[in-house]
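To keep things clear, I will list the structure first and then write my remarks on it.
All chains are identified by letter, namely A, B, C, D and E, in their written order; residue positions are counted from 1 within each chain.
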Amino acid sequence: MQGMMIARAKELLQNGTVNRVLGWQTGEFVYDITPAVFETAEELDEKFVYNAFCGNNLSKYLVKETKKDGKILVFLKPCDTYSFNQLLTEHRFDREKVYAIGIPCDGKTSGEMVKSKGLSGITGIDEDGDNITVHTIYEDKTFNRDEILEERCRTCKSKKHVAYDELIGEDGEVLDSHRFDMVAKLEAMTPDERFAFWRSQLSKCIRCNACRNVCPACTCEKCVFDNPASGIAQKAAADSFEENMFHIIRAFHVAGRCTDCGECSRVCPQNIPLHLLNRKFIKDIDELYGDYQAGAEVGSRAPLVNYTAEDVEPSIVYHREGK
Amino acid sequence: MQKIGVFVCWCGSNIAATVDVQAVSDTLAKEPGVVYATNYQYMCSESGQNLIKDAIKQYGLTGVVICSCSPRMHEATFRKAVASVGLNPYMLEVANIREQCSWIHKDKALATEKAITLGRAAIAKVQLNAPLQAGESPVVKRALVIGGGIAGIQTALDIAEAGFEVDIVEKQPTIGGKMAQIDKTFPTLDCAACILTPKMVECSQNDKVHIYSYSEVTSVKGFVGNFTVSIKKKARYVAENKCTGCGECTTKCPMKNVPNEFNLGLDNRRAIYIPFAQAVPKVATIDPNYCNMLKNGKCGLCAKVCTAGAIDYKQQDQVIEERYGAIVVATGYNPIKLDKFEEFDYSLSKDVVTSLELERLMNAAGPTGGTLLRPSDGTHPHTIVFVQCVGSRDTSGCGKPYCSKICCMYTAKHAMLIREKYPDTEVYVFYIDVRTPGKNFDEFYRRAVEQYGVHYIKGMVGKVAPRADGKIMVQASDLLANEQLHIEADMVVLAAAIEPDKSARPLATMLTASMDTNDFFTEAHPKLRPVESPTAGIFLSGVCQGPKDIPETVSQASAAAAKVIGLLVTAKLTTNPCVAHCNELMCNGCSSCERVCPYGAITYVEKEFRMPDRTTQLRRVASVNPAVCQGCGACTVACPSGAMDLNGFSNSQIMAEVDAICQK
Amino acid sequence: MLKISLSKIQDLFAAIAADEALYIPADNAGQPQFMRWQEGLAMTDALNTVRSAKDFFFPQTENLVSFKIQGKSIEIVDPRTETEDFVVFGVRACDVRSFSILDRVFLVDPKDTYYENRRKHGTLVSMACSRPAETCFCHTFGIDAAEPEGDAVCWKTEDSLYIRANTEKGEKLLEKLRPMMEECGDEAVKAQQEKTHEILGKLPLNNFTTEKFDGDVLLKVFNSDKWKSLSEACLGCGTCTFVCPTCQCYDIRDFDTGHGVQRFRCWDSCMYSDFTLMASGNPRTSQLERFRQRFMHKLVYFPANNDGIYGCVGCGRCLSKCPISMNIVKVAKCLEGEL
Amino acid sequence: MNNNLKEQVLRMSGVNPLKCMRCGKCSATCPSYDEMEYHPHQIVYMVEKGEIEKLMASPSIYKCLSCFACVERCPRDVEPAKLVEAIRLAVIRQQGQNHLKAKDIPDLIEADPDLPQQALVTAFRKYTK
Amino acid sequence: MPEVNAYKPKIVAFCCNWCSYAGADLAGTNRLNYPADVKIIRVPCSCRVNPMFILRAFQRGADGVILCGCHPGDCHYTTGNYYARRRMTLLFSMLDYLGIEKERTRVEWVSAAEGAKFAATMNDFVSTVAALGENKRLEDLRCKE
């Protein structure tokens, strides 16, 4: 796959279709992959990589990249295409300046994920079909791909590309993902248990803004949390209230716009399951206002800027099943 | 920091009996920013107002807080008072310590404490108030009426009568609309043409009224008082100013088999035609779908016979741009298509007709010259079955969920007319409910039953099946007799539901006027503003707003005209300054605000911005038209970056009030 | 050197915690973090905590002064109460070294009294590493992971914990613990150190140095055109700076409590767009400049002003936590080619 | 009026008789109308009133051909035929009219050891409440 | 004897200018009593209420927040309360999800004619919140005295 992608990128660079290529570049280790812009065939040959660690969603970079001259080639995994569409819906970049190639994805893992299996001193990784062997200075260990997939990939919502100019490989289907199982589990808890769960999670937050800055739905010119005039600006969570506030408001601002790409949870240095906040909104929206997948199509009307006269009343929150 | 004056009103004993006004003014005097605080018996009285004015002058107040009755009561009074001494009227806030404090609490200590808190909140808000200026916008003294049926005609004539220019845009070659097709009108049974055509003529003769027939609105820009509308005049291939309407061409044209839409396809017309004798404008139109000259370049007969030389095969569509101060929507209705109702056999049997078709069959100018004959064989029908609610009140998805309102009455009219003209005819009417509210309406229906012997049967028709011998078998239930009826009918008349014209939906988008799920235009308020759209400057006339009969349509048309006249006589519109505004530096151009704006007040512009790193960037940003914005604030919450804010109720002001209320 | 069986480590903690606050690395909702010890709290096996021990001396937020407002009067209140004595236990070699860097910032004139106060009251008990990870490169800065600094230093073997005092503060602490521990020789520790050194030699970053940044390289590095591609993917979040044990920038802000104002300081990040924002605007207007600032500071400016000491201790946190996997090692390796 | 029975019929059929606007189109369209004691529109109304037992006792419910013309034609989506089917099921499922009782089972198994498990389970599910 | 129920909750009520604020005025005109703990903030429309305001109220020590607007379909601005309804439904559901007592937040539609309903609603809401006691789960300790 990587070879095909490089070959095609070179072709498009050469025939002048695009001026730059947005992809992933190799790092120090096998897993520390960085999004990068390539301008020459040599750079592509030298550094371009596509493997199980290329988790970064590149679509957000288009906001910045399309401000520049020329056309850019971007490689999009299925879930990235949803963000791509959502950004287009919100007029955040110029479609004319992008050439999008859809690429298949078997699910991604990460250095953190591998380390969470108790491994340290990682020196290399071999992918052999569904078997992934991790070499470390201490030992070698082989995993089934599913075992070390990131949570968002284990509950992948769709292998279908909803936007592209061309596709490399086969297109997949929208999947029945069980991605709301954990939300449902939390909903079934008592309020005290839920409070304890979220407090223990959110109290870890260091307000590094990684979740916000990586989020393709958070492309505001100026975030309310950075804007002293907003009245809720905060540079650090000085009180537990502010920890809650930041995450509630952020989830609310992206509600109906979040495509559930899972980047927020991936980048959180404290491994806070932030996607569970977004998924709660998605689940509620699906249940209360009908299924809606942000980014499934360009131009769709997000649930929070929409209504029907027959919408449920807010009191449903008191009467719903569960505790 | 503002210099704030606080004025606590006793309202006689209304406030002072339960609130310690002295304590309130004393405590509030200590609030940051407050330079003067006092209390007085009646702040709204002349001497009370003078007290405020004097304090403004004496202390150089930049903000005023009045603790008194509800702002709904005297906010305007106090604003006027402070404005008279040069303070911006929007630098004033009212703390409601009467309706929301003294009148509902008995404990004086509690009430006083609450009054202080409410006063603090008002002070906190005033700290952040900014002077606001009510804007003005000029009004173009011309109105546009979209739709030339009875609703549009009536509205246009009323507006013209008041001395304003008014244009009617009608997509058909003639104005007149549905009413022109109707034979008689209920409950008086006078002839529709006799009362409609004089109005049509008046339209053509009144020099304030201009008719764009065979035309469509293609775009609407602007806002109340200042709309710019593009109107496409479709090519009719006949010069309107030359055609005399003699009709010679329409008898010589060799293309004879064009279905005549005016008679609902019950007979044929030529490729060049004048819809009906009293058409306005009475000008021929060539139907490009049938004209051999236009299709194949062969024929040209009409041009040869036209002595006026009006035929112009090279005519093109023409787009006219015109400015208007107000727009009236009068797009009317159509009966729904009945193909989904196979049980009534409408598409298979010619003798199953809709009520509107029946109008044409009974009209002296119709295909049968006014004699009621079966369309299939031209014989006289002896048994006629009317079916009510065909597609109305239907939630199964085949029809419309609403009551079409007019069917009960016109069916009674039809039944009555048939019984009168052809007493040997048996007439059955199957109904679910007979709904005849309205002046002389129920009496009319009862006459059909009692005087004319129409058989009204409570029940629905389940099946209509034509028989080989030409009879139509009607299977229906008679719920009161608890039996199933089988009637051998000669004709079946279906009271098809009515729906808004298909052109209404795209038009609503152009006008940013809201519609309900049935594509009827939404009124600004269902009870209090029934002829206005929530979008300022857009008015509603006739069935486009909801099912109506002719008298209701005409009254609504005149009401809409009155509203338009009221708008057009205004020299300048004063705009509410408490409107939304966009901080372009923060705007993402994401369109969230535009989507929730009920007034279409938000548009987007591409603007160049100088970035901190000294580069320039072209960005799409929202721009609020203050003349159109009504200040609801929906956009402010939809905006994730907080670029949208509302004058007079800004985020920071409301949060300051929250803070003040919650402290201590 | 003293020794105690690992099975009795909770007793050891209890003894320390008897008269001062004790913080140990423990598991907090799945993440290793220093937590206040209370009975039963177990020490984590993780190599290092997500947040460094700097939090105890330079917390993410701290109130500097309070203003009490009543009506139109304002009263100024110093919110500081005397800090209690505390022990941070299990600090790794890299993190211990970070304090010598922070001290150079906060304890030079004018002294940061808030920081100084905490340094006075705090005792650092370090823990030698035996299982370093691929992201470790403390040796680059002359740190021996097997022989950490600190007021006292520990080694953990299969079954025992060895401890030795390095400073007076450490001695004082050990004095208290002596009754429950046994004196021992350093053979076991030496053996472990040898093993650790062997592993350290196998680490992928074993040969990584920042030597080339010594000397007169400031302008050369500053003007390198590599910064563009290095910073291209940077999201401008603060992860690297907040997990960093040596990042020391902060912002001072006011919080209106409704009945007064609290003036507090909180960590700031040079990666943020409003970092060093002034009335006149921001001196660094692009992410490239902000990104460059961080690495210039650590690799060039800091050593230039501090006897050649780099502003990095090689803990590797930024290597594993950066959302786009850009870090000081990549930056230094890329730029060193220019020098 | 037997509310349990009514609820059972409503649950089984999924029909909400309150949607009926009493137009009678179901009865107008019903091919078995003349065979019936209670006609489709009456059936809907009687279910609404809870007169399920009356309907259960009436042969009308077996005159319905399940042609679904009423379902097809109903302007309010009431689906009378589904009610009829539910009433028929209610008759079958009446307790006390079990074709099989728990105590009969040992004998049955003895008589036919190959009796499929599933038949037993189904019988229980169907004939007990 | 110690006073029972001495606890006084702090309640912030956001009322739309056209219906609910007028409804509150009517309650006053009719001298319908409800606790002084309720303080009303006038907003043009229920759709003006930003979730930020609600959180802000809790931060500053409110124990309950109620939003009142025109009945659905009667909004002065036609559609404002429809948006408010969705926003608040989702926000309240999220607060509940975080384990914050859901009874502390409420939306009620009160028309200008429903003074009695306004008073009854406030009485009920205040007693519900009072029963919950002080808001501990969404408070900012810095704002406490």
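Here is the rule we go by: a residue touches a chain if its C-beta (ideal position, glycine included) is under 8 Å from a C-beta of that chain, and two chains touch if they have at least 3 such contacts.
Keep in mind it's a predicted model, so treat the numbers as computed, not measured.
> If you walk touching chains, what's the least steps from chain B to chain E?
So the least number of steps between the two chains is 1.
> What is the set of chains touching both chain B and chain C?
Chains in contact with chain B as well as chain C: A, E.
> Measuring between mean CA coordinates, which chain is farthest from chain A?
D
> How far is the middle of chain A from the middle of chain E, if each middle is the mean of its Cα atoms, in Å?
36
> Please work out the Cα centroid separation of chain C and chain E, and write it as a whole number of Å.
About 46 Å separates the centre of chain C from that of chain E.
> Just curious, how far off is chain C from chain A if you go by their C-alpha centres, in Å?
Averaging C-alpha atoms per chain gives centres 30 Å apart.
> Any idea how many Å lie between the Cα centroids of chain C and chain D?
Distance between chain centres, rounded to whole Å: 75 Å.
> Could you tell me which residues belong to chain B and also touch two or more other chains?
596, 638, 651, 655, 659, 662-664
> Where in chain D do residues touch at least two different other chains?
none
> Pull out every residue in chain E that's touching 2 or more other chains.
Residues 51-52, 56, 60-61, 73, 79, 83, 87, 142-143, 145.
> Could you please write down every pair of chains that are in touch?
Pairwise, the chains that meet the contact rule are A-B, A-C, A-E, B-C, B-D, B-E, C-E.
> Per the contact definition, I'd like the list of chain B residues that touch chain E in the complex.
Per the touch definition, chain B meets chain E at residues 70-72, 96, 98-101, 103-107, 110-111, 113-114, 117-118, 121, 514, 522, 524-526, 534, 578, 596, 598, 630-634, 636-638, 646, 649, 651, 654-655, 657-659, 661-664.
> Provide the residue numbers of chain A that touch chain B in the complex, in ascending order.
My answer: residues 67, 89-92, 219-224, 227, 229-231, 253-254, 301-302, 304-306, 308-309.
> How about chain E: which of its residues touch chain B in the complex?
For this pair, the touching residues of chain E are 10, 12, 17, 21-22, 24-29, 31-34, 36, 39-45, 47-53, 56-57, 60-62, 73-74, 76-80, 83, 87, 119, 143, 145.
> Quick one: which bits of chain E touch chain C in the complex? Just the residue numbers, please.
60-61, 142-143, 145
> List the residues on chain A that touch chain C in their complex, please.
27-29, 31-37, 56, 61, 111-112, 115, 120-123, 136-138, 200-201, 204, 206-210, 212-214, 226, 235-238, 263, 266-267, 269-271
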